[in-house]
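Alright, structures below, take your time with them.
Each of the two complexes below includes subunit A, the first together with subunit B, the second together with subunit C.
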Partner chain A sequence: MRRTVSFRLVVDPIRCDGFGHCLELAPELVTLDEWGYPILHSEPFPQSDRELLRSAHLAVRGCPRQALSLQKITNVQER
Partner chain B sequence: MTVDLSTHRVLANYLGRPKSLAEHEVDFGPSARLALSIEELRRSGLTGRGGAAFPTSKKVEFLKDQKRSTRYVVVNAMEGEPAAHKDRMLLATNPHLVLDGAMVLANLLNADMVLVCVAREHTSTIAIVDRAIKERGPKRLQGPSFELRTPPGRYVAGEESALVNWLDNNETLPTYRPTKPSTLSIGRGHVLLDNAETHANVGLIARFGADWFRSVGTSSRPGTTITSVTGNGKASVVEVPYGTPLRSILNGASINYTPRAILLGGYGGTWIDGRHLDVGFDDDSLRPLNAATGAGVIVALPPASCGVAECARIVDYMARESARQCGPCAFGLPALAANLDSLARGQGSPGVLARLSALCDEIDGRGACRHPDGVVRFLRTALAVFADDFNHHAAGHPCHYAAVPPVCYIPHRADIKDLEWE
Partner chain C sequence: MIGFTSPYFWYSTRVTGFVALILLTVVLVMGILISTRVGGRRIGRFEINEIHRALSMTAMIFVGIHIVATVVDTYVPTGWISALIPFTSPYKSLDISIGTVAFDLMLAVWLTSLLKERIEPRVWRAVHWASYASFVAAATHAFVIGTDHRTHWGLAVLAGCVAVVALATVWRILGRPTRAAGRTALSPLQGPSKGAR
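After this line comes the complex of A and B, so read on.
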């Protein structure tokens, strides 16, 4: 059995007020729509990607509305 | 039992007025001591009639497995969809069948309270439910107590999280639930919420059993469905087994024209071409058309009508019904409505259709509830089904049917208070 852990940034759209801090803190994971609300990359990134994980953590901590969270996805593969 | 259930089930024996408890028990047999096992409910294959078609037994099992107990059973008869009226018809025919089902489900989960929710604006239905509950008397030794609740009737007020949210703290706002299935609670008590028609079917299954229930309909969607049919200026309610061809439903609603297009699933639903009259009204048959039965709303658009004008009005209504909690919905839907409005007025430009599609992509899947997704689905299918109309308007040509009064019913603007939420 092999376990792979990956992460994805998710937003609570009710909390989000479009401050846009996430774009500054994690530009690799976020684009903004025309009204300034974040569109988060839906593709999960692997745990080994330390750069992305760091950016994601910064975005989660830096959101003034606390609307962001990091979703952990554990995949178990039979070998 | 004296009633004939061969053509109608939950709408059986319409007297022109709601049945009293005595009349109800003559028709269907006694209400007291009705019981149903989860086994039997699972075997019946009953699915929710509110639109999502989730198996009712799975919902009950999921709540039974929770650590905390379920305290409330909610009957959702809000019917915020302007083109729907079947729950009101059901309560005006067999109100006690709905209460029977709620009682059975409450006993199954040991819940001690049933909350029947009717929109504040539906005053005659409120009177019916109020009378029916009073007829059942005060709380009996066994079984739940019944209460009527009347939230304000906004479009999203009937969305399950918004409704429970109002029951809990008087806010008709949807909540963000990233993991599903999730539980809804009032205070610390879990909630089982089902559409009124689902409850009525439980009331029948408890009496006549799963095999009887499965004897009509399709194997994946057994039983009947109540459809709300509009289009010819009249509103009809037709109860049919799942799988009945659209043609016979429209005949039953005395619609005697071949529609230009058919809207299924309401103002957050799917347009299909009017030629598809022989398709069965069940989810397996409708899936190839990317449509679903939803809560049984059918609008048959007459041949002489303008698709762009109809869509512009509906999207404008849906934009105003947004709870404005999420940015993509609060800004995206008005942007769609503004583009459609200028298009309908013949002030279109060649780029406007591409702009509408781009807005749909931008909004899709980005709200806390499914309200914006429904509008996107509605508009995407409209762009395909009414492609000729849209191209015509986008080229700046006046529409053939500009003078025809619109068909789809929209609650009067003056009746809708803007941005007022409880």
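After this line comes the complex of A and C, so read on.
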């Protein structure tokens, strides 16, 4: 058995007002649509990627509308 | 109460009051800049947000010293309760109370922001509007009880702060919408298509 932890940045589209702070704080995880609203990379990143984890935390903290959250994904692989 | 007075308390009250008013002006204007989506090229939008947060902390420290220096000095009687509850100061009750109201509103804005991650964003935002009322009360307090506004430079600083906030507020109301209508663009930071504006 092996447990792997990964993370994904998710946006609450109701709360989001397109301020764009997330693009500045976590450019590795965010692209903007043509109206300036974020499209977050759906691919989870591993816990070991400290750089990405830090960016994600900064984006969550920096969002003026509290629209971002960090989703923790725990995978258990049996082998 | 033990008599405890020194002109240095008095100087501290005056100087921290002045610095606090200037800092509150800058913090309020930066808040307006965030809501109107200023920045993105020469300065990051998130940077304005960070400075806004850091300076509001600094402003609270100055307001704190302002209150402590005033209450500790027994030259004029005020009392700790009058820092939080209006109309409890024996000395210049109304003039002090306007400052008390400014501080109470400031505390509400500050505390909800410290707990921002645990508070419903709508509530945080509703409380944050009190910043305007707090500034008006603080400026009024400075005008009615401040010693230095009787000097030309003092009055100039006070009038300058009020003018800057008034201009920024008018600009926010008239010049730049702060909420997007549906999914319409509202000065997006950058879009994928080059021509999109």
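Going forward, the second predicted complex is superposed on the first by the 79 of 79 C-alpha atoms of A that agree within 3 Å, B and C clash if a C-alpha of one lies under 4 Å from a C-alpha of the other, contacts with A are read in each partner's own complex, and residues count from 1 in each chain.
Quick note on the criterion: a contact is a pair of C-beta atoms (placed from the backbone, for glycine too) under 8 Å apart; a residue touches a chain by one contact, two chains touch by 3 or more.
None of these values were measured; they are calculated from a predicted model.
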item: Contacts of A:Gly18 with subunit B and subunit C, given as first, second, both or neither; value: both
item: Which superposed partner A:Gln66 touches (first subunit B, second subunit C, both, neither); value: second
item: Touching partner for A:Val10 - first (subunit B), second (subunit C), both, neither; value: first
item: Touching partner for A:Asp33 - first (subunit B), second (subunit C), both, neither; value: both
item: Touched subunit A residues, subunit B compared with subunit C; value: C
item: On subunit A, positions contacted by subunit B and by subunit C; value: 15, 17-18, 33-37
item: Sites on subunit A touched by subunit B in the complex; value: 10, 12-18, 33-37, 39, 71
item: List of subunit C residues in touch with subunit A within their complex; value: 34-35, 37, 40, 44-46, 49-50, 116-117, 121, 124, 179-180, 183-193, 196
item: Touching residues on subunit B, where the partner in the complex is subunit A; value: 175-176, 178, 325-329, 331-332, 362, 366-368
item: Of all residues in subunit A, those that touch subunit C in their complex; value: 15, 17-21, 23-25, 31-37, 61-62, 64-67
